[in-house]
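Encoded as structure tokens, here's the structure I'll be asking about.
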Amino acid sequence: MIELVIKNGKVVFPSDTIETSIAIDQGKIVAIGSSSIMPRGVKSLDAEGKFVLPGCIDPHVHVRDVFMGATANDDFFLASKATSLGGTTTIIDFAIQKKACLPIDAVQERRAEADGEVVIDYSLHPSITDLTPETIDQFKELIDLGLPSFKLFLVYRKDGLMVDDGTLLKVFEETKAHGGLVGLHAENVAIIDYLRDEALRKGHRKAIYHAYTRPPITEAEAVNRAIFLANHLNAPYYNFHLTIKEGVEMFREERKRGRPMYAETCTHYLVKTIEDLKGSKGINFICNPPLRQEEDQKALWKGLADGTVSVVSSDQVAFTAEMKKLGEDSFDMVPNGVPGHEFRLPILFSEGVRKKRININRLSEITSTNAAKIFGLYPKKGIINVGSDADIVIFDPNLKKTITTEDSLYSMDWYPYEGMTVKGYPVITISKGKIIWENGEFQGKKGDGEFLRRTISQDLLRTPVV
Amino acid sequence: MIELVIKNGKVVFPSDTIETSIAIDQGKIVAIGSSSIMPRGVKSLDAEGKFVLPGCIDPHVHVRDVFMGATANDDFFLASKATSLGGTTTIIDFAIQKKACLPIDAVQERRAEADGEVVIDYSLHPSITDLTPETIDQFKELIDLGLPSFKLFLVYRKDGLMVDDGTLLKVFEETKAHGGLVGLHAENVAIIDYLRDEALRKGHRKAIYHAYTRPPITEAEAVNRAIFLANHLNAPYYNFHLTIKEGVEMFREERKRGRPMYAETCTHYLVKTIEDLKGSKGINFICNPPLRQEEDQKALWKGLADGTVSVVSSDQVAFTAEMKKLGEDSFDMVPNGVPGHEFRLPILFSEGVRKKRININRLSEITSTNAAKIFGLYPKKGIINVGSDADIVIFDPNLKKTITTEDSLYSMDWYPYEGMTVKGYPVITISKGKIIWENGEFQGKKGDGEFLRRTISQDLLRTPVV
Amino acid sequence: MIELVIKNGKVVFPSDTIETSIAIDQGKIVAIGSSSIMPRGVKSLDAEGKFVLPGCIDPHVHVRDVFMGATANDDFFLASKATSLGGTTTIIDFAIQKKACLPIDAVQERRAEADGEVVIDYSLHPSITDLTPETIDQFKELIDLGLPSFKLFLVYRKDGLMVDDGTLLKVFEETKAHGGLVGLHAENVAIIDYLRDEALRKGHRKAIYHAYTRPPITEAEAVNRAIFLANHLNAPYYNFHLTIKEGVEMFREERKRGRPMYAETCTHYLVKTIEDLKGSKGINFICNPPLRQEEDQKALWKGLADGTVSVVSSDQVAFTAEMKKLGEDSFDMVPNGVPGHEFRLPILFSEGVRKKRININRLSEITSTNAAKIFGLYPKKGIINVGSDADIVIFDPNLKKTITTEDSLYSMDWYPYEGMTVKGYPVITISKGKIIWENGEFQGKKGDGEFLRRTISQDLLRTPVV
Amino acid sequence: MIELVIKNGKVVFPSDTIETSIAIDQGKIVAIGSSSIMPRGVKSLDAEGKFVLPGCIDPHVHVRDVFMGATANDDFFLASKATSLGGTTTIIDFAIQKKACLPIDAVQERRAEADGEVVIDYSLHPSITDLTPETIDQFKELIDLGLPSFKLFLVYRKDGLMVDDGTLLKVFEETKAHGGLVGLHAENVAIIDYLRDEALRKGHRKAIYHAYTRPPITEAEAVNRAIFLANHLNAPYYNFHLTIKEGVEMFREERKRGRPMYAETCTHYLVKTIEDLKGSKGINFICNPPLRQEEDQKALWKGLADGTVSVVSSDQVAFTAEMKKLGEDSFDMVPNGVPGHEFRLPILFSEGVRKKRININRLSEITSTNAAKIFGLYPKKGIINVGSDADIVIFDPNLKKTITTEDSLYSMDWYPYEGMTVKGYPVITISKGKIIWENGEFQGKKGDGEFLRRTISQDLLRTPVV
């Protein structure tokens, strides 16, 4: 009993794009082929002239982030509704261990916030902050529960997120032993602190000093160290938000040598630069690592094109300009992070595909397929093929739009991409066979999303599969 | 109007294998999906429990080879019929320029032999032997005619096939200028001649001296030189029949550096060794390059598994044991080459997939997809996808068979794989939607095959795409 | 007016060893040549059958070390007397900045202890522990004063020696700007602390756990990080006491790439192993980095032979077994460091030259010439040539000796090399033309040694000169 | 009994330059030191303000070359007299095997021409042209006779010098087995022939086409091949007259990997370029490999400075402009080779030391020490040290001179360096203790030079010693 047919779209497969139709039944894709063989009388969507892509996956979002005195104005219902408008059908957020608690507690708390709220499927990366013996004992359990990817922070001492190299090495060891993957926020906090203190001592307070006191070497050293320790244990490594050309080169080298190293960058690092920190709204653009130079953007795009950089995520944090003002007197007091996850796909299409930096198939890989493979959701998610979940975006390559803050579903008072014009925009989002957004109308349902248990392929943990 | 449905097979896609069905119309695949949506009342094949693979491509065959005094007992009808029994639905043979003639003449002569005879589609690699100014003028024309791949021989001086480095460099230059690809038979003839003369002077005449006088360095030096010259011009390179571990390493390095270098090996180098030259029928196994050591086999399998070696061809030559006797008194007088192309797929399945050296998806790449991409036939050939030619093999993974000389359609008096038992065998071959072999019954038709015009993707000529 | 002639010794030049004679006047070498031309009637030493080497330089000693509750039983007179018995004619100790004081203060204090006491020439490496703005201002001054080499500690937090990456990067920058060289004690303290706490929690207290909680990765990571930061600034780097095979490989690679990276190891890492920590006197052998495996020794010897490792120092600390007992209940409480600098040359001769790991010329480089060049004393020190200081050791290759604790001039109650038999021993030490030791008789004079101002060659700071 | 004292010169040692004096007795250096200790009453030379260098060695000269229809106007007396005027005290010429004769015959013939004629010491490189079994048997004998270095030509087919890869590989094997070293004239003759024939067919005859038909790839490929074959056998390799930047890079890489690869270039490649072939006297500058671009010169100088290129030779051939006219109608008929060996040292001093590309110590290495070490003459030749032959040049760094053809001792009608002004010139040449040139007066004696038996150090054949 076919429920839905998507007709005659330009369907994006891993290495081809073919004009054909897709039949969906019980939330799964059951057939791909000429419209002539598709059953009649069932609901159908005409996708002629449009791209039909696997639903996007965003493996790096912070819903309702509480950080540096600010609390983001969102929740799992709002965030999942907002991002699905932009073509995302799966998110992976974090479950951050509290000091003296266990990681599993954080998972349960976070699930309590999300289950019944999300409109699309989701999962969580446990984040370790306190490596007690009891915590160590829990790695196997977490991985067996379908949470095989971990995040550690090498920064943010004061907030208690930061871990040191002792913890890092041990976590690499434990995750490797049980088939997991470690991802890092990699910056060298000692050098940053030195430079920040020096800047403050000299009276520098403006937003641009956020970038000046976190120069590329502060990220490069941490990435290099993470790679070194991972290589020591022959362990895989995932680098959240890589931003610098030196880092792209490191991943290129490691991957050439067959090492399972995966780099992610974020939308804003591809379209915003250090210049944005110099304006009157500079503090709004404060995020970590900071925005970089054009030459870094270039290297990131090249890395995305040649396979070195595997994923573009959003690193979404819904801080308003109002909250950012907590640090209006000094760059080091600004709550970090930028919003905008709804615009990931259209921005990457306009800046990537239209500008011929990447083709449509590669766009689909970096926004969907690769994250599915790396985090253990493939082939359920991340591909249009018979048997996969019917998570699909229909994308009109000719729809033009100028981004405004009002477009946001969040009650925001600024948007990093305000004023940017994109050509190419998602028009329909389908999650597990159901249309949740159609031409700007929300048709999804709170709680239709489910928690996803994940298993990472052993191959991917051994060699650079994507 | 669907003509044929293949039901419920394990369909082998580039990175997945999915149990599903395929609908075919007018020689093309028109749908892939659940059998429930497939039209009823049309002819269907039940493929349950069987692999459904894209038809194999053999880019290295010598039909009716005339060489060293022998003439192979076949023609294009017989050869194409025989190979399609083994799952091959496309072959690429050679059109060898005669001295003082033009390459296009050789193409026309060869087409006259093949057109109307072949039961499956075919194409030709022009082979240059006499680089006159008129020949140079013809590269663009040949490429525009759909013949963008060239073969040069660095050996066989006496028979007039051999070219020197002057010709080689110029052909690299001309093909690069017009979007073509050069492939070589790469051995160092000066070292081989020195060693052969020394062996003969010492009275060594046995078959094993064929291998002893063509040690790995004779191939390694030529491969290294070819790569060096190609790199000088930033040109792509295809290496016919790579046989040595040193060569695998070279391709691994070049490809890591992003160079568009493609290596092919042949079935016999993966299952036969230098030991086969020592027996009483040793001369039958004489081919160039010679059979190698087990450690070379191991390196070739590893290269196939990790993506370094892109293609397994047959290098088919149908010389009988009777013809081989021309050289029974001295290894240097034996007509080179071995038959057996019908067994390529089942041997690679048994030795590769069953022994877990490669998986079924990689098997499909090295026998079909990669050759299609490299030689400019993709996505018409080389993949099961909506819109592609319906060239399909249905392969029973449990059918067991012991190879005998009598299995050959050729009237052969020996077979290199005689006595070898394989588990897994093709049961149905479909060419452009028509069943040509079904359970050992030939249902094809002389002349149904067509000459294929090819265009190689510019990407593939610039970076190691497969 | 020639004062002294050394006759007919086997004089060790950088790449040759020649039987010839040396004439000395006013503390300098004034001629090298056949004894027949040497003036008669002046004091002469018959060196026939003996090696005549440039006086050894020890760039890593801790005189009267105060550390972890212990104070070494020596002073500059005793230490310089003791080491010159073993052929050393120049030492470089440290001037460790006290918190809230300036580096120059430490230099002055240390000079006050040494001047008028030393029997041989000496110099100091300033050690930075508190990088205030005033300290930063002092780099140029220190370098101009002849103190161009600095040492930083990445360990020993509790004792206040440790600096973090912020300080490290800044010191690299400042020293590079003014023509200086940074050396490190490179270990990763966070990993060590993690492993130590884990071991203590599990009740492990024995000496061997000192090594188990400082495994090779704890040194390797720090060395890798130091090299990475130095490369970022294109700065030179000197690694005090390298002990691991991974580190040797890193220096080999960097030096191949033309980077001015210099590695030092110490006598004990070449002849003692982790096994020495397991015995009843295990705690005596506690030093940082810890003793390693035989495979590390092998790599260090190979690095010394092929030019990768440039220097062997002593890292002399005169802690008695009595003092070591401060940590008899727990490995982490043992004062670190081992004595034995008197035996550096004879041990390296017996273990290096006699065992054919290095030749006599290389022995002279790693104990004298290279340290002279790296630390800016060459060609005044470190070579036998006309015009150089007459710092000379006459070494009898056939003198056999079994080392006992009683041999030490210090009032020691243990010696790491107790019981070791060496063949080859210094018989005469000459400092600036004066015999200070002759066959075990001290003839030197307190205060004859001078403070040496040093200037490092710009070439050496740019490329791996030695 | 001292015979001669050289007083107060700036004596150039391997890594230092020291103002001191040298005493000589019975042809050897017997002392180095302050003039005050030198015996009075013996003949002395005042070298104050002048450099005192080890006599130069020229390992690549062609005395009385007979080639392409021309015969050079010199003999061993004239050539050795001429070159010693320029500071050279040892030459190594060739003994080229005649087809169907043995290498030893060529050695004997060549010695018959040289013995009793040379004014300075000399040796010979046997050159193999006909690798018969009898020739193979002679390698050990030649090496034992003190002739351990061999030269092969990969070019000059018509003149019978050329060998192919079969011979090359075998000669590498035999020389390695017995402790010898193979040197090549490395160019790819097949590519050159192709380009030459194409040029001639198009009517290009001018001198510049000599260079156009031997582009860098023709040398690069041959050098790469030679290195590949040498590496296959783990054999050492010496490259005569390297001229291209690509080649410098290859040697840099191989040497970094520890391979015993030695590159030589010649004076003219460092100061002349392809532009010299364009003038009216262009044919005079025809030599093989041809003159190159400025960027190649730059790479060669850099290679000399950083240790990649070990030797500068002359490749002296005394062809007159009159002889060169044999090819005035067509570049391919011009006898190859240029004269000028007298000017090697002053040109390299002016262009190298004065222009700060190399220092005086490196100048001495590339003109003397390195050739002595590579070809087995060290420490008898190539260094100023006690015990070495008293082969010495006294060089006035301030003597200015404009080179004219009339300066040549040969009756030449052109000179490649005509009109070039150098500052710095040899004023005295001493061979084995005897002054043979003093301020332009010849004081040497025909026959005072001797044939040198050589033994190459095994270290040098294993690792890149110089």
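As written, the chain order gives the labels A, B, C and D, with residue 1 at the start of each chain.
As a convention for this text, a contact is a pair of C-beta atoms (placed from the backbone, for glycine too) under 8 Å apart; a residue touches a chain by one contact, two chains touch by 3 or more.
For clarity, every value in this text was computed on a predicted model and none was experimentally measured.
Using the contact threshold fixed earlier, the set of chains in contact with both subunit C and subunit D is empty.
Among the other chains, C has the CA centre that is most remote from the centre of subunit B.
Averaged C-alpha coordinates put the centre of subunit A at 52 Å from the centre of subunit C. If you average the CA atoms of subunit A and of subunit B, the two centres end up 43 Å from each other. Chain centres here are Cα means. That of subunit B falls 64 Å from that of subunit C.
Within subunit C, not a single residue touches two or more of the remaining chains. Chains that are in contact with each other form these pairs: A-B, A-C, B-D, C-D.
Within the complex, the subunit D residues that touch subunit B are 131, 133, 164-167, 169-170, 188, 190-195, 201, 217, 220-221, 224-225, 228-229, 232.
Only residues 2, 13-16, 18-20, 23, 25, 29-34, 36-39, 256-258, 306, 379, 383, 385-387, 463 of subunit B touch subunit A when the two sit together in their complex.
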